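Below are two complexes that have chain A in common, paired first with chain B and then with chain C.
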Partner chain A sequence: MSRRDHTRALRTAGIAAMALVLLCVPALLPDFLVYQFSVALTYAIAILGLNLLMGFNGQISVAQGVFFAVGGYTTAVFATRYGLNAFATLPIAVVTSSLLGLVIGVPALRWQGLPLAFITFGLAVLTPPLALKLEAITRGATGISMTKPVPPAWFPGNQDTALYLCCLAGLALCVVIAARLTRGDTGRSLRAARDNGLIAESLGVNLAKVRIAAFVTCSGMAGFGGGLFAIVNGFVSPESFQMTKSFDFLVGSIVGGITSISGALIGALFVMFLPDWAADMNIALSGLIYGAALVLLMLVARDGVVGLIVKLTDTVSRRFTQGDVGKLQDQPENRQYQT
Partner chain B sequence: MRATLARLVTATFAVAIATTAHAQAPGITDTTIKLGTQAPMSGVVAMIGMVAEGQKLKFDAINAAGGVKMGDGKTRKVELVIMDDANEPPRTVTNARRMAEQNKVFAFVGAVGTPQNQAIKAYTAQNKIPNIFIYSGIYEWGDEKQNPWGIGMVPSFTTEAAIYAKYLQDNKPDAKVAMLYINTDFGQNFLDGFKEAIKGSKVTLAAAQSNANTDPTVDTQLTNLKASGADTLIIATAGKAAAQAIRFAAESGWKPTVFVTYAASSVISLKAAGLENSKGVLTGQFVKPVGAPAFANDPGVKQYVADYEQFKPRFDRHDSLAQMGYLIADGVVKVLEKMKAPTREAMMESARNMSKVELGLLYPGITMTTKAGADNFPIEAMQLFQFNGEAYAPVGKVIDYEGKTPKL
Partner chain C sequence: MQLFWQQIVEGLASGAIYASLALALVLIYRATRIVNFAQGEMATLCVYGAWQLNQWSVPFWLSILIMLPVSFAFGALTFRLMIRPVLGASDHTMVVICIGFFVGFEAIALAVWGADPQAVPRILPDYAWTVAGVRITANNLGILATLCLLTAALSALFRFTRIGLAMRASAAEREKSPLVGIPVETMLMLGWGLAAMVGFIAAALIAPALFLSPPMMVSVVIYALAAATLGGWDSPAGAIVGGLIIGVAESLCATFVPFIGNELKIGVPFAVMALILLARPQGLFGTTAVIRA
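Let's look at the complex of A and B:
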């Protein structure tokens, strides 16, 4: 077996194991943890969008929490005020957040790099007070409570399980979309636009189109995640979408590995659970523990957790295939584009 | 694969069996009852967290004396779980789930805040968990249909607003009123209740401005209110905004008649506004003024002081929010004493059927009365007080709206 086959087999096994674990969550964990996992899955969707934008397309956004909020409020408003089925509001959430993504994505073409980071940061800062002021839509500080959808009678589990599985299905859908977008011609143009815009353009990549499309997809996924979050949580208010949410997504993206799809889930679990664990260890030192964990992690795994895993499996499989012809293939051809 | 599947099935069955074995309400045994409360203990209004500390003091004292002899004949100690929601409703929701599902509390008691309790309303209703003696005075807590598993304790803000309106009609019939109100249903109820109460009188509402807990100052709102030409200011907001408003009213040369909601009327808060600036401030109260010489020999106050000395909690003895918590916990004890069975339904029934219940720190002449289906407002009376620069002095008699809380 060549090294490449090894890596591929290991990767497939890893992903299969991950999927199996995710499917077993409701059977093995108490309800409260299932709920927290559901929330983590909605984060994972937003982070996945961010990975597409930052990791695969090289645009920096600190406003993922904003699109998440737009999705969350869209779902909450349409479900409570217009009485729509909660899940039927999700496409609307995707549309509204994508439209906002378009509004920002178009001028963003001129602000690549630091200016874009800065402008999106500004959006993240102004969103919570804006949500507070737009009382007619958001119900201000009171927030919007939604009755959580009750699972159909034939469903064998409870409400938390049902909602968890819905989130899992949502994430699976986004993973499929992301996997398709990062492969083939689309994937190559995405990455070419990131690596060297000039060369990409000279090779026929429509830079503007690719960048806008990436921005819109990224914000659409955040809106989808936000909508699911509103359903799972049953409540949204300006405090649900504080500025720190955008940072959480950024941290999750980097921790998991920005050029990775499975990393989105790892990053989401990290930002969902680590602060809680740190607080359980010592409430007064929780910030210190969390911050130190972040620093340590970056020292050990510069390319995120998935990057680290890939590096380790590479080392292992290289040992397996020493002396193999595969040695010639040992160039890190595709390594920075892990999946 | 087969082994994993087998393990999965076993696990599922184990969970199923575990759930049926505990068909009785969670959080209660023959010797203990576990209750959960939450309040902002960090963030911009962390001082309100003392409501939770005050409850803890009362329950500590009760436990030290052996526990509560409940309506089913068993004596139980109270285990209180306290969680911090930093005044953020989303955290209140997560905390409520955590307390119910991980800590397995029997009920929520004295949970603080208007939007916070609104945020957990759907959860407590769906899961049939009592949320009793909510520390928020919005009208909807008295509506049994809207709020089947929750009940407030403190007077409705509509009652408080009506009491201030009545005082004005009697003492300043041509008052032009400006109101600063918080941007939650707390403020909105206050405003609507006041508008209703002044109908048909010469008292008018000249202007109203809202504020958020997170606003750094309320100077803009106060400037607008002053410009309206009003001669009376009603402050229906909590935290430091109230103190800022009192200070502005005095120092800007406006000097209107000032009313401040009981929720922000503590002397500690007035100190922040400046005691000189606070002279003449009016407020409605239902808690005994613990520091007043007239109450030095009051048995309820003496009990509170004794408990305070014994357990040395981490709040100032004169902290009115902590006293509020102590009062709420006292009320919870009374509900437990009348609970006929160790079930959540029995707890709600007990809380909804109280007859003239007296509490140690409740102002003389004020009691708690409820009736299921008719009256879900435990406290419906207040005594007006005026601040004389050092302490509050009573003005007139207790104004009682028993069974007549003004509708919204």
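Let's look at the complex of A and C:
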């Protein structure tokens, strides 16, 4: 078996195991944890979008929480005010957040790099006070509560399980979309625009189109996740979309590994559960524990959890297949500083 | 019209604070290509140190003087222990580390000193002049003067001293500087220490107005980030001009545009920044890096 086959087999096994565990969650865990897992899945959808933008296309956005909020509010408004079926509002949520993504993605062509990071950061800062101010739509601090959809009579589980499975289906849909987008010609032009815009353009990639499309897809996914979040949570208010949510998505994306699809789920679980565990350990020092965990994790796994796993399996499979040849080139010390 | 000029004076004073913190951010960025969002939290910790000394009945001006070298050591140590091991990793890694600092340092302040805001004594006297109906306080003047001094000292350091030259060299050419005998990592460490000190000065100046609390510097850092981006990340002069522009724009908009008011005024720097950067993506004073492909 060649090394490539080896890695591929390991990868397939890993993904299958992950899917199996996710399917078993409702059977194994108490209801509240199932609810938390559902929320984590909605985060994973938003983070997956961010991975497409940041990892595969090289644009940074700190506004993923903003699109998440737009999606959440769209679903809540259309479900309560216009009495639409909650799930029927999801496409509308995707459309509204994608439109906002278009509005930002076009000028973003000029703001690449640090400016883009801080302008999107500004949007993230501005979202909670704006949600408070636009009372006519968002009902201000009161928020909008909506009734969670009831599962059909034939469904064997309870409401939490049903909602969890809906979120899982939503994530699966997004994973399929992301997997399609990152392969083949589309994937190549996405990555070419990231690695070297000039060369990409000279090879026929329409840089502006690719970048805008990536931004719109990324924000659309965040809107979808936000809509699902509103359904699972049954309530949206400025409290649910604090500025820190955008940071959480950014951290989740990087911690999981920005150029991976499975990393999105790992990152989502990390930002969902780690702060809670830290608070359980010691409520006064929870922030310190969380911060230290972030720093330590980056010292150990600078390319995220998935990056670390890939590196480890690579080393192991190399040991089994071809001895120590080629080991030297990949040493991190031999890499150039990135500036 | 009087209100207008009054708001400009107030805006310049708060702009000077944003400018000094932005200066600290730019110092670090130029040395290590890292945007340290945790600069404000690090500065808050140092101000807490000075406040604690003051509680132990050390005069406040003396505790500030004591904390200056301490803040320098704090910045240098942070670099040595937690940044140096990942030097050269991707920007994304650095972002997460800085978010880790941000959360962690704030938590330390919260755990040691609690969430209650503490009053901090003013160093500058409570005196005010009235010029053509506009009130100019000694405090505001002092803040502006400190910013001028700080800028002059830093530019003298970078321009006229050997160590300043070495720091500039190691920031510009990290791989080649060791070839001419510059200890690059020491220089980067000095850069972090200097930045921590500048940040501490900014925080100590604004603490009397904001009251000392663990999240005191969060909004200031947001403005400083906007200021540095507006000015161009590789230009200290840009950071200062950017800070002043943002301070004035914020104070004018919060007063004269009713919809904005106090809740949304934090959006003003970003709106200004977005517009200006559309015209000049590299920032007002920034330079575009030229790459030979």
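One rule holds for everything that comes next: the second predicted complex is superposed on the first by the 322 of 339 C-alpha atoms of A that agree within 3 Å, B and C clash if a C-alpha of one lies under 4 Å from a C-alpha of the other, contacts with A are read in each partner's own complex, and residues count from 1 in each chain.
The criterion applied here is as follows: a residue touches a chain if its C-beta (ideal position, glycine included) is under 8 Å from a C-beta of that chain, and two chains touch if they have at least 3 such contacts.
Every value quoted in this text rests on a predicted model; they were computed, and no experiment measured them.
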Do chain B and chain C fit side by side on chain A after the overlay, or clash? fit
For A:Thr186 in the superposed arrangement: first (chain B), second (chain C), both or neither? neither
Winner by number of chain A residues touched, once chain B and chain C are compared: C
Expressed to the nearest 10°, the angle that the Cα centres of chain B and chain C make at the Cα centre of chain A is 70
Touch test for A:Lys148: chain B only (first), chain C only (second), both, or neither? first
Let me test your reading of the model: by the given contact rule, A:Leu132 touches which partner, first (chain B), second (chain C), both or neither? both
After lining up the shared chain so the two structures overlap, which partner does A:Ser237 touch, if you call chain B first and chain C second: first, second, both or neither? first
Just chain B (first), just chain C (second), both, or neither: which does A:Thr313 touch? neither
Using the superposition on chain A described above, determine whether A:Thr80 touches chain B (first), chain C (second), both, or neither. neither
Counting only touches as set out at the top, which of chain B and chain C does A:Leu28 meet: first, second, both, neither? first
Would you give the minimum C-alpha distance from chain B to chain C, in Å, for the three-chain superposition? 6
For chain A, what residues appear in both contact lists, the one with chain B and the one with chain C? 129, 132
List the residues on chain B that touch chain A in their complex, please. 4, 8, 11-12, 15, 88-91, 93, 97-98, 101-102, 114-115, 118-119, 121-123, 126, 183-185, 212-214
Within their complex, state which residues of chain A touch chain B. 20, 24, 27-28, 30-32, 35, 129, 132, 135, 140-143, 145-148, 233-237, 239-240
Would you tell me which residues of chain C are touching chain A in their complex? 33, 35, 82, 85-93, 95-97, 99-108, 110-111, 174-175, 222, 225-226, 229, 233, 263-264, 266-267, 269-271, 273-274, 277-278, 281, 283, 293
Contact footprint of chain C on chain A as seen in their complex: 54, 107, 110-112, 114-115, 117-119, 121-123, 125-126, 129-130, 132-133, 196, 198-199, 247, 250-251, 254-255, 258, 284-288, 290-295, 297-299, 302-303, 335-339
